[in-house]
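Going in written order, the chains are labelled A, B, C and D, and every chain counts its residues from 1.
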Amino acid sequence: MSTTTSTPPGIGRDDLARLAEHWDEPRSLRAWFTTVDHKKIGRRYLVTAAFFFVLAGLSALVMRTQLARPESGVLSPQEYNQLFTMHGTAMIFLFATPMLFGFGNFLVPLMIGSRDMAFPRLNAFGYWVFLFAGLFMWASLPFGAAPNNGWFAYAPLNQDQHNPGLHMDVYALGLLFLGISTTSGAINFIVTALKLRAPGMSLNRVPLFVWAIVATAFMVVFALPALNTDNALLFLDRRFDTHFFDPGGGGNVLLWQHLFWIFGHPDVYIIVMPGLGIVSAVLPAFTRRGVVGYPLIVLAIVAISIVSFGVWVHHMFATGLPQLSYSFFSAASTIITIPSGIQIFAWLATMMLGRLVLRTPLLFVIGFIVTFVLGGFTGAMFALTAFDQQVTDSYFVVAHFHYVLLGGALFPILAGIYFWLPKITGRMYHEGLGRWAFWLVFTGMHVTFFPMHLYGLFGMPRRVYTYRSDLGWDVGNLISSIGSYVLALGLLLVLIGVVHAIRRGRPAGPDPWAGDSLEWSAASPPEAYNFPVIPRVHSLHPTWDERTAESTTTGATKDRILSEGKRTLFTSELDARPERAAQMPEPSFKPLVLAGVLLVFFTALLLGAYPVAVAAVLAVAATIAAWLWPPRRPDEEIGIAS
Amino acid sequence: METTAQTSSRPARRQRRFRPVLPLLSVLLLLAGCSGESPSALNPQGAGAARVNGLWWLLFWISVAVFAEVMALLAWALVFRRGGARVRHGQPVRFVTVAGAGLPFIILVAVYGVGLRDLAALGAGPGRDALTVEVIGHQWWWEVRYAGRSGATANEIHIPVGERVKVRLRTNDVLHSFWVPQLMPKTDLISGETRETWLEARQAGSYRGQCAEYCGTQHAHMAFLVVAQPRADFDAFLDRLDAPARAPQTDAERRGQQTFVQGTCAACHSIRGTGAQGRVGPDLSNVGSRWSIGAGAVPNDAGHLGGWIANSQTVKPGNAMPPQPVDAARLPDLIAYLRSLE
Amino acid sequence: MTDRGGVVAAATGVEALTTEEPVGRPTGWWGMVMFVATEATLFACLLGSYFYLRFQHGPVWPPDGIDKPKLLIPLVMTGVLVPSSLPVVWAEHGIRRGQRWRLRAGLAATLVMGLSFMALLVIEYREDLTHFTMTTNVYGSLFYVITGFHGLHVSVGLAMIGWLLAASLRGGSFGSHRHERVRNAAIYWHFVDTVWVAILFTIYLSPRL
Amino acid sequence: MTARPGPHARLTGGLLLWYGVLGGAAAWAVHLIAAWSLDELACAAKSERIAGVPLWQALSVAVFVPGVATVGSLLVATLVLRRTGQARAAGAHDRALERSRMLAVVGVWANLLFLTIIALGGVAVLVFPPCQG
């Protein structure tokens, strides 16, 4: 940083014009279908996931209406069973993960000072597949053919002879289809975070949110195959009479549970981890200081994501396996509490040292701490086999995981919505509406789910469509149902707040919160190229750091402006040393086409039109071949020895 | 920084936002007191559930203490770190590691030890030659058999008070889970396998149990009753299991028996000592004395029984019994006969 | 630096310990490695399921009077598939030096070997199907699904190799500056090979242990 | 310390760092898979021996060997922490140093956690008969 070398003056007008020319996409229908811009794709993920959230939430409201009174007849058992299955499946697979992937898509490139994801077209493809898979699954509901076996779909109830009809075919195929999106998205996050960080952002300067997303992505890469195996074997059992889960043919029903939970427990953290990352991202702006103990939080993220793979049998503590086997998993399930504890106390310490700015995002973070801690207690209780055997599959466990998931994912998501809305839309939300929404959501959440602990302990099993009035469960259920309406009202206010901000909100400016990470040094909403000058990062809080700020103004250099073509900078994996400027791909229809062909494939499998499915496979291969077909270049350019 | 956080004993003005929590906690204690009618795990009546109840209260009070700690720190920050507070830039790593890792570590390792002890206690079942009940799960009812006895009953498990009874669990179809909250935690019924658990009731009485593993359309109506009796009553019950069902006494009952044996009923149900030997549905030899119809779906009285026979699908939609074309004139006799079977 | 103590000291010195590793891999390489990682996990789940079902099943395996799998064809298949990685390596090294003929010849050799593997698989199936099928029992299900799933992966690998060959025959596609796709397809092909060894052990050799 | 490490030593050092960070995790994964699958599958086959070895002995090996590997990983992480601390005290300030130091902190803590989990599993091996349901 010597001042003697000739410092180029910031970025010139002509460079800005060239950047706009290379990166801007026209506002046309064609551009809408072909976009590869991570910000547009991120926004679509957010909106689509929110739509599925509304559907899954309405399912829950109908169920709570049914359960408000004993022996009520709002729903038939068949309807109830489909609704609770769709509620769980959609909340987990179609809301939580994609919503957080939406934040990741929008934010990761901005936070690491890049101009896009590593594979922008793959990113677009991932979104289309998510959309199609979500519609594929929900479309079964009006036909009365929705999955009806609970979100973990235990064998052998998922088998053809016990569960005829398309229900579980929709489940197996829908999740396999969706898995393509989740996997491709995860790989994209990993590669983006490894290779596209701004120069100077070594691993010890990576924002905690990015750590969380990358850890999540690694969990997806190693956990999802277990679910895919399970569903593929299920589909074969149902359609082609194999015997994997059929004890009559030598199969084993517990194989389903092992494979499911090898996926399923990491999946809990796949949902919660980005939420924890959001908390770590929100806190600095509202405490006016960095989060305490950065390496410890990184440790917590890494440790949780690894240990989460070794706790799966605690979901099977009542299946009668040897107690010694249980104890290995009990040990891991107990110890996984410690990294979570470290994070909680690091956040508390941050709040106790900083200066609190009590705005809506911070309110949701506080709501998160209260709720998640309570969910954590019951979670640690489940690690103990003896206690687990008493409360598993009761409403106590329903209470537990709603505390963990609403606390660990929904509250951070809502905090994130208010926090980044100015960045995403360029407009501020209405603070009063935000506070009302918080109090309604917080109150509604606890009124709904706290009583479930009690009637769970009082003996009410989960997944019952009704109950008798002489069992002492009436009052608790009625309170829960009332709470669910309060919660829904609060969430409606969130929606109104977002619409209000987009329509009427005052312009936000690039950095309304005086935040610390790089997205706050981009415009609101960001330009198509994110950063006119890719910054050179000098600290963990680059936007609070003058040297980093200088690197984009008076210290701007040609190799970080990169206005010749649609380019961004690749850097080295651990220490982010600049490697090369890379050309980024142009918009394309191919991601949409490929996702569409896959939709045809899965629909054909569902309906048993196997020749169509085979044709679709060929179309998939052809689309991919065309997608990746190398452009023809002169021999000298590509380097052919004559 | 640690000092400021930990020695602050000034009573903080209670924050509005934490108000909902305390009433909820008091609701917990209140409801725990008046849950007498529930099959509550917090009202244990057997050795297994009592073990877990002890563990629960240990975990509960630990949770209350840690929650109070977290809330106190949060409240402190909210009271003293707003407005004009000056930002401090330390890295209180020791505070985080002691409060977030050290203390939890000690608590968790201790609790893990207690958990192992309790698990071992749950595993210590009755001896080899203990009385054995065989429970077979069906969609959606429980078949109950006793080793060495020919008869069977349904949705009702009789055990002698104060004895540890071995329960052998099998399923005829999908997974179910055997759960009597007041007596014993769950054990799943695994297709293709046999599992074992045990029951022990301290006092005579009826303890409600229910299937806890989702098992299809009527998972909600798959309850059963554990009836703990003095040994003499229990022996009498066992003896009745080997004897033929009570013979019809009145003309109406005799006509009812005829309808049962010659009609469609006998295709699925059996009554000991008659021609009815169907094995699809529950054995009805003592149906008149049972606590409910349809595994807890409705009370066992004449009106509900008639409704059940005519069309059980309105009572328990999806169950395996089709509507019965029983002549309206014959139905009262059939009801009278079945009610007489005690 | 020749004595052992010196080497240990150098490797545990602060400079060595702060060496950036991994480093300098292109995005495509990382993408393919992550894809292979998730695929490998999928095979691990399948093979894990095999052992789980086998040991839960009882002492006799294969059950129901099915013979232990014969080894001749699978060993020939191994002899064809495992060495087929060599021409890919050779081809990749060639194109890095700009030698297009080596790319073409190497890919063609691999393609032939891979296709032979698939042909042998068909022969193997025709023999086996006379004894048992996928629906006979869980052993049949495992046998055909695992080998079939691997066969599917070989087909995908062959499609990649064929695609590379087609692109290289056109010209103007790959050279010493542009060979990332060759390397990525090579990684996938090596993966398919490696998995076969695990399958050979699991399906064909382990029942004889 | 003074001689510049050659490429081979650098590669070894770089990989050693990762052993210090993730060695415990890998060892624990091996421990868990081995211990669980040996126990569940042997008991399902109604046997308390594996290839002639009593099951509890096999399980003890599945606890002990990964435990030792985790201790090794812990020592390496501690070494990196010390070396980077010394270099820092000597006035070095480069990104790679700080990055390695952070990874070493993560490694030390992670290894302690994994060691605890393995040890608690070992306690269970001592407490329970292998196949009690």
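By our rule, a contact is a pair of C-beta atoms (placed from the backbone, for glycine too) under 8 Å apart; a residue touches a chain by one contact, two chains touch by 3 or more.
Worth saying up front: this structure is predicted, and the values here are computed from it rather than measured.
Enquirer: Which chain pair is joined by more contacting C-beta pairs, B-D or A-C?
Expert: It is A-C, judged by the count of C-beta pairs in contact.
Enquirer: Select the chain whose centre, defined as the mean of its C-alpha atoms, is least distant from the mean of all protein C-alpha atoms.
Expert: A
Enquirer: For chain B and chain C, what's the span in angstrom between their mean Cα positions?
Expert: The mean C-alpha positions of chain B and chain C differ by 51 Å.
Enquirer: Nearest whole angstrom, what separates the Cα centre of chain A from the Cα centre of chain C?
Expert: Their C-alpha centroids are separated by 32 Å.
Enquirer: Quick one: chain B and chain D, Cα centre-to-centre, how many Å?
Expert: Whole-Å distance between the two chain centres: 42.
Enquirer: What whole-number Å value describes the gap between the mean CA coordinates of chain C and chain D?
Expert: From the centre of chain C to the centre of chain D is 29 Å.
Enquirer: Can you list the residues of chain C that touch 2 or more other chains?
Expert: 20-21, 52, 56, in rising order.
Enquirer: Among the residues of chain D, which are close enough to touch at least two other chains?
Expert: 96, 99, 109, 116, 120, 124, 127-128, 132-133
Enquirer: So which stretches of chain B touch two or more other chains?
Expert: 101, 105, 109, 112, 116, 120, 123, 195-196
Enquirer: Hey, which chains are touching each other here?
Expert: All touching pairs, sorted by chain label, are A-B, A-C, A-D, B-D, C-D.
Enquirer: Which part of chain A faces chain B closely enough to touch in the complex?
Expert: Per the touch definition, chain A meets chain B at residues 76-78, 81, 149-150, 154-157, 162-163, 247-248, 252-254, 287-289, 292-293, 296, 318-320, 323, 326-327, 330-331, 334-335, 337-338, 341-346, 348-349, 351-356, 358, 363, 366-367, 369-370, 373-374, 377-378, 380-381, 383-387, 389-394, 439, 442-443, 446-447, 450-451, 453-455, 457-459, 461-468, 470-473, 475-476.
Enquirer: Given the complex with chain A, which residues does chain B contribute to the contact?
Expert: These residues of chain B touch chain A: 1, 4-5, 17-18, 20-21, 24, 27-28, 31-32, 34-42, 49, 51-52, 55-56, 59, 63, 66-67, 70-71, 73-74, 76-78, 81-93, 95-97, 99-101, 104-105, 108-109, 111-112, 114-116, 118-123, 139, 173-175, 177, 179, 181-182, 185-188, 190-193, 195-196, 208, 210-220, 296, 317-318.
Enquirer: Provide the residue numbers of chain B that touch chain D in the complex, in ascending order.
Expert: Within the complex, chain B contacts chain D at residues 101, 105, 109, 112-113, 116, 120, 123, 195-196.
Enquirer: In the complex, go through chain D and note every residue touching chain B.
Expert: Checking each residue of chain D against chain B gives 109, 116, 120, 123-124, 127-128, 132-133.
Enquirer: Using the touch rule from the top, collect the residues of chain D that touch chain A in their complex.
Expert: 25, 28-29, 31-32, 35-36, 39-40, 43, 59, 95-96, 98-99, 101-103, 105-106, 109-110, 113, 116-117, 120-121, 124-125, 127-133
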